[in-house]
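Each of the two complexes below includes subunit A, the first together with subunit B, the second together with subunit C.
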Partner chain A sequence: MNFTGASSSATTEIKRKLWNGCINIKVVLPHDSEDIEYLINIPRNSYLPIHFQQLISYFQNYVSYEIYKQALWFEYEGVPIAWNLPVGVLYDYLYLPSVIQERGGGGLDQNCWTIQLNLRGKYPAEYIIPFVYTNPDNTINYEQSLNEIIVNQLKQSCFVINGSAKPIMNLSESNSKLLWNSIVTRNLGQFTSLNKKIIPKQFQRIPVKIYIPGSTTVIQAPIHAYEDDKPVTLSRVLQRELPNLFTNDVKLARTYIHGIDISSIMDMPLHDIWTIFRHLDNFLYIIIIAMS
Partner chain B sequence: MSTTLHSESDDSSSYSSSEYEEQIDDDKLQPKIPLSTSVFLEKLPKEQYQQLNKTILDHENQELQPSTSKQDQARPDLVSPRQHTQPDSAQIQKITIRFQSIGSTPSINPKVFKISSSQTISTLSRFLSQRLKHKGLLYLYVQNSFSPNPDETIGDLFNSFKTNNELIISYCYSVAFG
Partner chain C sequence: MHNITNEQFNNCITAFNEVLVENLIFDKEYTLTIKNNYIKKVNFDKSYLFTSIEMSKKIDSEVIRIDFTVSYHDFYQVPILNIRPYKDGSFTALNGIGLQIAPTVITALTTHHILQKTWIEVHACETLEALQTLPEIYGTTVDSVLEYLCCWFGFYGLPAIFPNIRFRPHLYM
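On to the complex of A and B.
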C-alpha cells in the first residue's frame, strides 16, 4: 500500500479526518463529598491548555476560591499529565493500553477517558512543565507558555529536517500570529498554508518521537529520509531503533499513530507517513505497545 | 541511577585526569506510570515483557553515536540475548556540555561539564540556575535556535544537535530567540 499513488484528494481527505479526530474526556474534580464532572470533546491534535478557559468557567461555579490564580493540572491514575503534548498522544500513551486490554471485555468505557482535575495543592513541577507567566491581574497566562512550547517544537522539527530553524525564525510577526491563531481556532486551511512556509524544501532528516507506554522513554533519533538513495521505511526505522521488539520476522509490539494501528503501512516510506500523520508541531508521534 | 555533573577546567582536554571536578546529586525522580498500563504490561507474555524491558534499558544506556552517520554502524538486527547489567558509573555514557551565555547574562567558569546521557534538560537547567545563583526565569537554547522541552534527554539532544562532539547550550535570562 502506498500513498504516492493515491490521489491528492484522497490524501487531503485523510488529513482532514486526522485534523478533526477527537477524544471524549471526562474531567473530574473531587469536591467535598461528591465529584464534579465535565464532559469535553477535544481534538487529538489540540492541547489541553487551549481548553482551560472553558473548564475554569464551568468549575468556578462550584468552588469558592478563584481558579485563575493558581496553575491547574490533570492527573490520570495519579500520573501528572504533560500538557505540552498533543491530546491524542497523551491518550495513546497513557490510556490506549487499557483500552486494548479491555477490548471485548466491556469493563471499561472505551469512548471516554476520565482524568482528574487538580486546582489546589502543590503543582508537580518536577514531572510536568510549570506555567511561569502571569497576566497583569495576576491570573495565570496559560496561552503564553503553550505558545512558547509549540513555537520551540516547530523550530526544533524544522532544525531536524534541514539543520536550520531559519524558515520559522524568519517568519514575519503577522504570519507568526496567524500561525498561532490557526492552531488555537483550528483553521486547517490557514494552518496548512502557513506551515508550508516553515517546512524546508530540502529534506535530510525526519522529526520523529517514539513513545513507549509503561516507560518514560522517548526515542528521538536522527532519522534520515534516505539511505543509499532509497527512501527509509517505517519498519526499517523500528527495526533499527527498537531491535528487541521489531525484526524482519518477529513483531512483539504494535505501532500506533493517532490511535490507529498502522501495521499495514509499515513498509511505506517514513517521509510519506510523516507527510500525512505529523502533528501540528511537525513531529511524527509514534506509540509502541508491546503485545502478544 | 545516580547522576552527576562533572565540571572540568576549560582548557583541559583530558576529562578524567582533570583535577578540578565537582559533582551534584541527581534528584532521582521516580518515573510515574499509570497503574492500568503496568497491569497491562505485566500480563504480557514473558518474551514481550522481557524484550520491552530490554528496549527501555537499552535506550537509557544508549550508545552515543559517533560523528559519522548512524546508518554506517552495524547493529545487531536480530532479537538476541544481549547482556544487560545494572549500569554502574563506568558504563553510564557521559556527554560534554558547553554553556554559552547570551547578551548580558553572566557567563560561568568553567563552561564545560559532563553529564549522563539519560539526564534531562530540567536537570541541566536546575544546575545552571544554582551555579548562577539565579532565581528567575532561565531560557536554554540548542543550536542558538530553539528551547528544548524540559523533559528531553541530553542523549537524544546530543545525537541530533551536537557540534564537534559537544552539546552547546546557550542561556539567557530573557527570551533570546523568539
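On to the complex of A and C.
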C-alpha cells in the first residue's frame, strides 16, 4: 500500500475502506458437553460491548440462566480480552502474530478469529475493566461503561493534540451525545464533523500507542509533528522508541496499523499517517511484530 | 510551578518515596501501616512507585488494604495516582471499603498505563494546568522536583481521594 502523493479523493477512499474494515470472529460458548458457536463480523474500529446485545440474544436461546444479568467476558488462549480496545487492535495484538507465523502452514484459520465467551465463573476484574453500571431492571449497562472509557480516551488524545482537554470538555451536551451516538451507530459523516471540533489545525503533539505482542508493555508516545522544521516520520519515531528493533539499516520487526503491513510508508510524515489511520478515539495504534 | 519530565520524575522518585513513607498518616480511628513499598524500573525508561498500605481499626480487628502506584503519565505530562482498594482480599470499588471519599475527586476504572491491568485512576486532564498556577517556594534548599511531587501528591494523591489520609511533609525544616 502506498498513498504518498495521493489525491484527496484517494485519501477519502482509503479512509472509507479503513472505516469499513471488519474482522470475522467465531464466538464459542462452552456449554455442557458441546460448544455453541456464533459467527460475527465486527468492524475493526468498533468495540466488543457494542455487539453484546446481538450475542446475548443468540446465546440466551441455549442456556437456562439469564445472560443479561451477568457480565460477558472473552478470552483467547487463556488470556482475558480487554473490551476497552478497538476490535482491530485486539486482533492485531493477540491473533495477527500467529496468523503471520502460520502463513502457508495451514494450521490456523486466517480468516476467522476464534474467541471464547465466558458467562459463569469469576469475572477477571483485576485484568479487564469490570462493568459497574446496571439498568433499573438489574441488567448490565454495557453502554455506560464503554461510553466512560471512550470519553476518557478522547480526553486523553485531545490533551495530547491540543495541550488541553478543554475542546472536548467544552462540547455541548447535545454534541457529546451525538459524538457518542455516531460511534455506536457508525455514522462516519456525523463522527467526522463532530471530531473536527476536537482537533485543531495546529497540533501540539500526535497521540500514538505502540503495542508489542508477547510483551505487556505499551509505549504511550506523544510525538511532536515537526522537529527542526521537518516533519517527523514513522521511521524516526520507531528508531527512537525501539532502537533495538529499528535502526537505519536493519529492521527486525514489521509494523502494522489496522492489520496492514505499512513498511512501504514508514518514511511518510507521522502526521499524515495519523490523519488517515487514527482510530475513533483519535489514537494511532501501532503493532510491532518481531520477525522470527 | 514548572512542569516535570519523565526523566526528572525517574531521578526524583526515590527521594519522594522516602518522604512519602515518613509522612503518610491516617488521622482517625485507624492505624496506618505500610506493608509493601518499592520502586520498579520497567522498559522504555519508565518507573513507578508501588505501595501497599493497611489500615486497622483501633477498636476492632477490621483491616482495610489499599495498593497504589505513582508514575509519570507521558500523555498528560504529570505524575498520576492509580489505586486498588481491597476488601477481604478482593479488588473492590472505591466506596466498598468504608472510608470517607472526597466528594470532588473524579476517578475512573481504567487500564493502568504501565501495568496494563485494571486500576482506579484519578483524572489527570486538569492536573498540568492546575499545578502551573502554584507558586514555587524560592530560597529553600529543597529540590524543586521533590517539591513538585510532594505538592502534586497533596492535591492529586491519596489525600485527594481519602480526606482522612494526611500527607504533610516537613520538607522545609
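Just so it is clear, the second predicted complex is superposed on the first by the 287 of 292 C-alpha atoms of A that agree within 3 Å, B and C clash if a C-alpha of one lies under 4 Å from a C-alpha of the other, contacts with A are read in each partner's own complex, and residues count from 1 in each chain.
Going forward, contacts are C-beta pairs under 8 Å (C-beta built on N, C-alpha and C of every residue); 3 or more make two chains touch, one makes a residue touch a chain.
None of the values given here were measured: they were computed from a predicted structure.
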| item | value |
| --- | --- |
| Combined model on subunit A where subunit B meets subunit C, clash or fit | clash |
| Contacts of A:Cys112 with subunit B and subunit C, given as first, second, both or neither | neither |
| First (subunit B), second (subunit C), both or neither touched by A:Val160 | both |
| Chain touching more of subunit A, residue-wise (subunit B, subunit C) | B |
| Contacts of A:Pro222 with subunit B and subunit C, given as first, second, both or neither | both |
| Touched partner set for A:Ala10, first subunit B, second subunit C, both or neither | neither |
| Partner chain(s) touched by A:Gly78 [first = subunit B, second = subunit C, both, neither] | first |
| Location of subunit B clashes with subunit C - one stretch out of 4-12, 40-48 or 76-84 | 4-12 |
| Doubly contacted residues of subunit A, that is, touched by subunit B and again by subunit C | 82, 84, 126-127, 129, 132, 148-149, 152, 155-156, 159-160, 164-165, 169, 215-222 |
| Residue ranges of subunit A touching subunit B (in the complex, touch as defined) | 76-80, 82, 84, 94-95, 97-98, 100-101, 126-127, 129, 132, 148-149, 151-153, 155-156, 159-160, 164-165, 169, 205, 212-222, 224, 227, 239-240, 242-245, 247-248, 250, 252-253, 290-292 |
| Residue ranges of subunit B touching subunit A (in the complex, touch as defined) | 27, 29, 31-41, 43-45, 47-49, 51-52, 54-56, 58-60, 65, 69-71, 75-79, 82, 122, 137, 142-143, 145-153, 156-157, 159-161, 175, 177-178 |
| Subunit A residues touching subunit C - in the complex, by the definition given at the top | 82, 84, 125-130, 132, 148-149, 152, 155-157, 159-160, 164-165, 169, 207, 215-222, 241 |
| Subunit C residues within the subunit A interface of the complex | 42-44, 73-77, 84, 91, 93, 108-111, 113-118, 123, 125-126, 129 |
